[in-house]
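Presented below are the structures under discussion, each in the form of structure tokens.
Paired with chain B in one complex and with chain C in the other, chain A is shared by the two complexes that follow.
Moving on, here comes the complex of A and B:
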């Protein structure tokens, strides 16, 4: 069970935007529908760093297959939103 | 002598085999490495006592860098031909005894007679698949490849252990005269350490890089798919891991290569997997297709391996050579848009995507005799048709 208090959708998306930009080495003003690795140019080797950063920041376990399919900010926000729901 | 090395962080489960395989590149003085079941201790066999500290330091750093950030991710099996062959235990010795294969030097093997007939059978299967299923265009590429191309493809940073450089003597009268005089008889001698040019070329480790190079700077329409097939001698230095027909320095690689849109290259890879699975079931080889990663020798091993495995970018065809052991006789690979970006190849409005299927022909020959034995009368009829020389 995670220990996070509920975050608003927009707050979560902004937090994730910062995390993705910082971990991936890109500017934070990016299209939320753009593919991290194919379109935003985040090196694929950064994927594992992003995964660990998510798990550390939110104190959750992220399933690998779900993580790799959450390859846009929108899909990442949806996945994390679900993970952070009370009871998960 | 043996040295026990207490590791600062234990080796994660499932990574010991990979570390042991790659440890041959740590030091020529390291003769063997084993890792305790709990991953906490490495045992090094070292051939010189005065090298113990230096070798231990190298192994310690090598293990530390390789396991850093490692995330265990189980390999996925997507196909298995679950049959129980009667294995031939000493297949390599039997190949040599029958003169179906000859040891031609370190990591080099010659095939002859029925050994070569088997090679022709497998090549025929791969060529027909490329032609009939994919209408591939045939290419014949050089054995040399410019170092600049390998550099662009990140080969030097990803696989430094496997590179084979090609070079030559300086075009200088004195250098050539001294070399010729020093080599009038006996083993190869270099009278001057600076006699060789810095290498600008390598012996090619893969076929597909040549394919992408032919498309440099081209724009494909969104529907356009380029399909290549080529076979070539490829070279990957394997150090002490070199053995029999299963791990050669100089081996034959047949590739089928697709360049186009993301959907098209991925779909063709799946079609190829289905065709290969159907064929292997038909001839009755025990095989498993499973996710895999390339043998990266880099400080970001964990990151690269993780992304490749979790994204299903690579599937290996692992063919049994004994009940317990398999070898990767081929692979089905997706590269996303790496080569599209590297060679400035476009598909529609973006970088082109690519996939390639690689077949290691000698490994198929070896796995086949391990599972089917040496009497052609017991082989599938489609294989028997290729046997011209039953000696």
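Moving on, here comes the complex of A and C:
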């Protein structure tokens, strides 16, 4: 169970944008629809850092397959919103 | 200029080949391993390697494109085949898009056919242009390359520097265990590698960065360590052979722990999912599914029908 207080959608997306940029080694002003791996070029090792960082920061378990499919900022935000819903 | 290309072979110009790989592969989708000259030299020391099966293009004495071919013996649906593994496919950045890659790939396949091989196997990272170039190149000489498997990977970050002193295993015991366990495994699968003694010695002991953990006669993990090509030059443990079907969960976990301990300098461990072994221990050891995927392609020309998608496969990624 996560211990996060409710985050607004826009706040969550901005937090995730910072996290993706930091762990992925890219500039934070990227297109929210851009594919992390095919378009932004985030390598697999950095993607693993991102996965760890998400789990640490939000105190949740992220399923590997869901994480791989959440390959844009928009889809990552949607996935994390769901994981952070009360009761998850 | 490119219409008059004449292909020779890459020979032993490993430093040039390594530098060209680094230049050419920068645009690939994911970071690759840093195929340094010593690694390439070690690769060409693989038993039975014929340097003529690595065509290369030179311009003014400078290496400009090449592909490497290494022998593999496999059993495919009960029939033993000699395949050429095509790898290190490299074209100088300013020659890309001019048909050079297509021609050099086709040349390699033609040479393999003339040399008595039954077919070829190669791998392409998902999303890279080589997926299309290599299939098209085979078509130019009337051959079909077909994707037969997609490999996913498990990956884990490691804490480097905490290496224990590796156990000193006898080479004879190591090689005998590899021979026995790989033979047992190959007998159960629709597609599997076959090994002779010299190949086992190379795989377990002689190859660049070779690493293993051994439970004598019953279980074995092998791999190698190499840096990746990223700016931070991470040291990567690539786990290659998982031969532990006769072991229970606890000794499997011990074996994996031993391998990770032995790989003291490694910062990342990677293991491909070929489907031939239970990977539960890796999951329990906090390995996670990687975003990287690799497609395996077969090219067959000796009357062998293409199999459906092969699951599982026992082969090495190169």
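One rule holds in what follows: the second predicted complex is superposed on the first by the 88 of 88 C-alpha atoms of A that agree within 3 Å, B and C clash if a C-alpha of one lies under 4 Å from a C-alpha of the other, contacts with A are read in each partner's own complex, and residues count from 1 in each chain.
Here is the rule we use: a residue touches a chain if its C-beta (ideal position, glycine included) is under 8 Å from a C-beta of that chain, and two chains touch if they have at least 3 such contacts.
Worth saying up front: this structure is predicted, and the values here are computed from it rather than measured.
Steric overlap between chain B and chain C is present once the structures are superposed on chain A. Once chain A of one complex is fitted onto chain A of the other, the partner contacts of A:51 extend to both chain B and chain C. Once the two complexes are overlaid on the shared chain, A:38 sits against chain B and chain C alike.
By the touch criterion defined above, A:17 lies against neither chain B nor chain C after alignment on the C-alpha atoms of chain A.
After overlaying the two complexes on the shared chain, residue contacts for A:68 are found with chain B and with chain C alike. Only one of the stretches 96-104, 132-140, 168-176 or 186-194 belonging to chain B has C-alpha atoms clashing with chain C in the superposition, and it is 132-140.
Shared contact residues on chain A (touching chain B in one structure, chain C in the other): 37-38, 44-45, 47-49, 51-52, 64-65, 67-68. Only residues 29-31, 127, 153, 155-157, 228, 230, 234, 268, 288-292 of chain C touch chain A when the two sit together in their complex. Here chain A touches chain C in the complex through residues 36-38, 41-45, 47-49, 51-52, 64-65, 67-68, 71, going by the rule given at the top. Residues of chain B touching chain A in their complex: 69, 71, 73, 262, 300, 302-304, 306-307, 310-311, 336-337, 350. Here chain A touches chain B in the complex through residues 37-39, 44-49, 51-52, 64-65, 67-68, going by the rule given at the top.
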